[in-house]
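Two complexes, one shared chain (chain A), two partners (chain B, chain C).
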Partner chain A sequence: MDQSTFQQFVLSDTVIVIHTERMLDNNNAHIMAEQLSEARKKGLKFAIIDMEKLDFLSSAGVGSILGSIEDFREMGGDIVICNASTTILHIFKVLDLGDYLKVMNTQEEAIKSCK
Partner chain B sequence: MKSVKPTKPESLFLPAELTPKLTTDFINQLQSAIGLGTTLIRVDCSQVENATSNHIGILWKAFDICRTEKVRFVLEEATAGLKKVLVILDLGELFGIDEIENKFIPAINQKNQLDSRIGVFSELISVTRNGVKTSLDNFLAFLREHNVPESVEMELRTVLYELLTNVIDHSELGENDNVKVMARIEINRIILTLEDTGKPFDPTSPRGPKDLVDLTAAAKDRQFKGFGLMMIRKMVDNILYRRKEDIINYVQIEKSWS
Partner chain C sequence: MAATNTIEKLDDQHLEKQVLALDALSELTRQFAAKPDFQELLISILYTYSGQFGVGSCFITVRNPHSKSEKPVFAGISKFKDFKTFELFGAPEIDANYLLKKTKAYRVEDLRDEIKSDFTARILEIGNLKVLVPLIHGDKLVGLIGVGDKLKVSPYSDSELELMSSIASAITPLLVNSFLFKEIAALSNWYHEIINNVKQGVFVFDENRKLTGINQAGTDIMIRITDGEFNKSTISNQRLESVFSEKYFQGWHNRILDLLSNGEGQSIENAIAGRSELKQIFNIRATVVKKNRSGKGDLIVTLDEITEQKQNEERMFDLERLADKGLMAASISHELNNFLGIILAGVELTHAAVERNQNDNAVASLEKVKSNVSKMIRYTAGLMDYSRLDTNKESADINEIIEDVLSFLVVQRRFKGCKIKSQLTGGISKLELDTDQISQLLLNLLNNAADAIAEDKQKSGIIEISTSGDDKSILLTITDNGNGMKPEVKENLFKKQLTTKKTGHGFGLVTCGKIINNHSGTVEIKSQVGSGTTFDIRFPKQ
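Coming up: the complex of A and B.
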């Protein structure tokens, strides 16, 4: 299913929350990449990606996040993942991304970590 | 424990306990014997009193290799325990076990339980995004029907998605063309194959830079070419590509779980 944008909320001068849909794949990964890029251009240092609805993640989906993460880190910020299911976390682990990605259990914890 | 050491090139010994190393050694010796030109493989099963899913899995794999290579495959001195499991799984005839003792038949509940871990999936899908979606949904239902663990289920869906996406992106096939998707679940193991008639595309050959060894490095280098293939390789035990009859891309992946 094509979509225009992922739902997003700017929480402060530095933090934005982006909610994924059920799938983050070749059909919509470019939208995620664009929203992350826009957020960075606006000076937002932290992007929280809330994966509560997500149950499928393709290489394009992973790439859309990894493609921006170093840019956020160079600004002194980060991309923070939250509310990911155990199967999505398993995928991160299989891909050896467990230590590379900043993953928090809840959105509240993710927001608190954005300092 | 006895080691896997054939007494003759065409004779293999199936150990009572199978470690990953013994399993690998067994298959290596089988392939080596076939490579030496043997036309008959005999497997001594005399020590396998308590047959496990690993025993059935390795016998199936050996049988499959022999069938592909047109080599005769014979079980020798199968114990009552091994025969029982083979008969319950309806594999008795396949492995030449014809002694179906009455006491094996009433184990119907066990049969059903084991049968749920064996199955075949086959479908022809159109080379479109909708075809991919339909195939993923059907494949997921198949995996669930056969009680594949959730974490493995997610990896297999991802692998199928990436393979099908490669066909869409690289095969130069259109919506009037098809991809054949087949899967066979044995006990705690799956073999998934895809066949298409598109432009040759080998997913086993690296696409990214030689030093792109993991995804973290990819992110740091902002280099994502070959990313999907890298993911596939991380999620499966084996991946094999053949160009068949110069017109078919044949991809086979294998994955086991405990």
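Coming up: the complex of A and C.
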């Protein structure tokens, strides 16, 4: 039932990229939260979440990301979303997160914004 | 126009939010059904609130409504992760009743104007806490969800509070049930532990008589009996007759089926299993346990190994037989002594008669000697089967037997100090009697009478023997004026090997009891210490 982890790449000593699978919901939300927490503990300031594969995002999935955001921002970093489909972007809008979450179109743009 | 559009949009957005919340709830329910891991459920609830309301930090604390002693469980994310729950919820001084007044989500700042309690003060100390959502089950407060600031740092709208309350109402029953699940899981584990630790092998067969469960002891038994052929993985789901196969459990299947058709809760004793040298013995119990009113129910078979117990029993039996043989030897020598006494007396009589040239007397005495030697031979022949006295009954006159015995006793040294009086009623009916056995009976009783007299040296001893009859039976009475018996001796006289004599071994009377039984007779004993003893033996007429 549990997959081990999401695919992740450490780009530099401050940036990590985590790729979602097709779904981010109750079943694996805690895995995302774990990975973000681990990254932060290692001192990585910026976590880019690449949602290219993501088809389905639930409230819990969103919550797993939000749960870590404040921690990253305290360090002077942030969580950046990229490659999200229109459906996923719509969910962010419904949940009123448009103003709050940092969303970039492509991974390159996301990486660039991490300074 | 724009305003209308905005309002419409807001309505849509609100609806969509609710749809998302509904999705979240159904997800939670699904997850709970699939994997009721309590801690994971709490975390999922937190992420749901977090995502749904755009909150970074929140906590949840829940306590078991069924158990007052259990501490509340706590989970938190972000800033509330390390929050100490007891500060809020677990400590006894918390006025939880206060919280019950609010059954829906409320803003923490609203508490300010309410009751000023320590609880309130503590809540307000925690700067980040913005909304509290009580979890109410029936009339009990079973938990609390605390929500921090929105990431957008905007106030929570009433509709948002409503939604929080709705989600809380939906998840509270899930949480309450999860406690039950935990208890059930713990109980289940506990029972498993117990079943796996009992000595008996326990086998469970479903209503199609396929094996669904076997405990550790049962597994051990199977491996032992089948000499390692048994395999736990392959045996599962095998039918009753395959598990207790004829190869190793000969006849078991049929016997178990018979047992079941005879009624519940019975057992098969001493069932043998195994092959050749590996034979082991079991007691089997089989019970049907019905899960519901219809259906056959599960079959529980319990095996209790008694091989060692049986081996011990066999050893005990052997020891007892050896002991019996020892006892038997004493009993035999006692009887033989009786005969030898008579034979010796006969020889002495013959000797005396020859010396006095009394040929007729000599011949008569020798005849009696011969007769008793024959009796002895018959007795020793009968010893082949010691547990049965060989009984050969024929129509006989008891008085004749008595006179016969008396004629030899009188001259014995044992009877020197005694006077024997006989009152034998003439003309009483003949009975079906084994002459030899009755002779033995008389010998034993008269010898005992003489010994009782000898122990009391002062008196002059008198032994009276009499016979009388009525239409139903013949009464034989032997009385002595010896030293009598204590009550406890009298009671146990024929029952156990008993002797009060210094050189006695108490077997004569055991034989007497057997002889009386053989003739369907009864015996009554009257005795008083210092005065003497009377035996009243009644033989029924056939």
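By definition in this document, the second predicted complex is superposed on the first by the 114 of 115 C-alpha atoms of A that agree within 3 Å, B and C clash if a C-alpha of one lies under 4 Å from a C-alpha of the other, contacts with A are read in each partner's own complex, and residues count from 1 in each chain.
Heads up, the rule we're going with is that a residue touches a chain if its C-beta (ideal position, glycine included) is under 8 Å from a C-beta of that chain, and two chains touch if they have at least 3 such contacts.
Please read all numbers here as calculations on a predicted model, not as lab measurements.
After superposition onto chain A, the partners chain B and chain C occupy overlapping space and clash.
With both structures placed on the common chain, the touch criterion links A:59 to chain B and to chain C. In the superposition on chain A, A:47 contacts neither chain B nor chain C.
In the superposition on chain A, A:70 contacts both chain B and chain C. In the superposition on chain A, A:111 makes contact with neither chain B nor chain C.
Contacts of A:87 after superposition: chain B is touched, whereas chain C is not reached. Shared-chain residue A:30: touches chain C; no touch with chain B.
Shared contact residues of chain A, touching chain B in one structure and chain C in the other: 25-27, 58-60, 62-63, 66-67, 69-70, 91, 94-97, 100.
The part of chain A that touches chain C in the complex is made up of residues 1, 25-27, 29-30, 33, 58-71, 91, 93-97, 99-100. Across the interface of their complex, chain A is touched by residues 13, 16-17, 20-21, 23-24, 27-28, 30-31, 34-35, 40, 43-44, 46-57, 77-79, 151-152 of chain C. The part of chain B that touches chain A in the complex is made up of residues 129, 136, 150-151, 153-155, 157-158, 161-162, 165, 214-216, 218-220, 222, 224, 227-228, 230-231, 234-235. Residues of chain A that touch chain B in their complex: 25-27, 56-60, 62-63, 66-67, 69-70, 86-88, 90-91, 94-97, 100.
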